[in-house]
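To start, the structure under review is shown below, and the notes come after it.
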């Protein structure tokens, strides 16, 4: 069983015409997984709906506690990319579960998006990686604590 | 020959991960028309890239002048929906060209969008309507000066 | 009120992995219209699910009778493009209703398709054209009897 | 470096209006990977464009030889799902490379497709699995020789 925790970020953004605004909406993950023939074998829980630039220590505490309390061994966390490496570092001491953080540059609801590929990539990663904390972005797996988002290149890379 | 003037609004919004922002980008209309087998028979000119809530009298003056100066008889104007009726009213005295304003609730670049249908609808409208100024939204044609956007219902209706 | 009659053709084709085949499925039109904010003001009836190359005189008789019996003045017929001109010719004598035939080169269920634009275009055409029989394809309106599909160019043109 | 061999199947099917037919076209993989921010780190070679029901021993020989001759250690093979398990069995003795076969139930060019998720899933699998031959479908990894396609359920399962 894979536990998914959603925290917000780009993946679930929706365009609301009423405010000419793009905000985090309900998670598209169940629909995305269903379109790829995955209908069971996971639980999903929304922890928060935050742009990762707005996350603070309290938010990361919430994520850490949820991960610790989780009964499953395989955990997928969807997260904004801007401070994903920070959250990964906060979780880095957890040694007994396979924890994969994943995000996207383009919302799932866009016609052209990296979300679907990234979730597929993370879905395999969380099943195949040994216990530890990882970031799965742009088709690579990075160990927490040794990765950063290169803002200029708009990709993740090893530090 | 159909002249397209783009002014911004929702249709051409792009998601920029760098600023977690959704802004007006270059026009998708040529790509959208090409996907529908239309490769010629029109000219496109970008007048501005504005959310229609940010438009002022000067902007509407620019649009009015562009329409007046245009050598073609059929003019399509893409425009934000929030103040489309205002711009239509400013143009309402023009009697010699068929002028159709069109917009959308969801950007063209979204997986689910009303943009494509609306542009197709407007493409027929601008060819079939007699000279005058019109709004083409939610599958209906409205005469300028007798239409408003119902914010609650998120649709256009006759006043 | 607009009456939609679906007859098959490319628009509603679905890919069935079980037979590695692409066949006409249930109509996507209600979903397409809904995505464009149109939820009422029309009736839809499926007459048949035929590739237009497979249509014969009996099929065209069915279509003709349905159109004659229809209580509404505005009729949209979705139809395969290969013999759309033939069906239009069969209907050409009907003078009291506005009848628009429309189809597509790419199914609605494809990521890149002309279906949505074509339906929007036809939606305006059926409301704005005077009574008569027309084909609405590649962004133009053609009168029945004076149009054909140019197979090489893959577009409709005046004869 | 990941080597991709494409053999046909559902992923790369294109709808050709000219013959009302759905046939294997040029590979969409480079475009799909690019949309997910992957622009390098792989080579792609098309071996054939076959529906897997049409594959015979000679075709599987071609695939086997290409895999053997490949200088890279990580190999992704896109393949029709109907006889993917057969091809996996033919490759099963290869012990020194990580070979992952992947396919899809819906072509990549459809609006709703499992292709993108499956490729993302396979992209991680080929990097994380130890040498051997595997099938990556419906969000699971299967070892060659112990998997079959359940036609009724339209999914892969362990035998």
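Read from first to last, the chains carry the letters A, B, C and D; within each, the first residue is number 1.
One rule holds for everything that comes next: a contact is a pair of C-beta atoms (placed from the backbone, for glycine too) under 8 Å apart; a residue touches a chain by one contact, two chains touch by 3 or more.
Since this is a predicted model, take the numbers as computed values, not measurements.
Centroid distances from chain D, each centroid being the mean of CA atoms, peak for B.
Chain B and chain D have centres, each the mean of its CA atoms, that are 44 Å apart. The distance from the centre of chain B to the centre of chain C, each centre being the mean of the chain's C-alpha atoms, comes to 26 Å. Chain A and chain B have CA centres that are 37 Å apart.
Residue positions of chain A touching 2 or more other chains, listed in rising order: 105, 111-113, 154. Taken as a contact graph, with one node per protein chain and an edge wherever two chains touch, the assembly forms a single closed ring in which every chain touches exactly two others. Of all possible chain pairings, those that touch are A-B, A-D, B-C, C-D. Put simply, chain B touches chain C in their complex at residues 32-33, 35-38, 41, 105, 112-114, 116-125, 127-129, 136, 138-141, 154-155. The part of chain A that touches chain B in the complex is made up of residues 10, 13, 15, 17-18, 20-22, 51, 53, 80-82, 105-107, 109-113, 151, 154.
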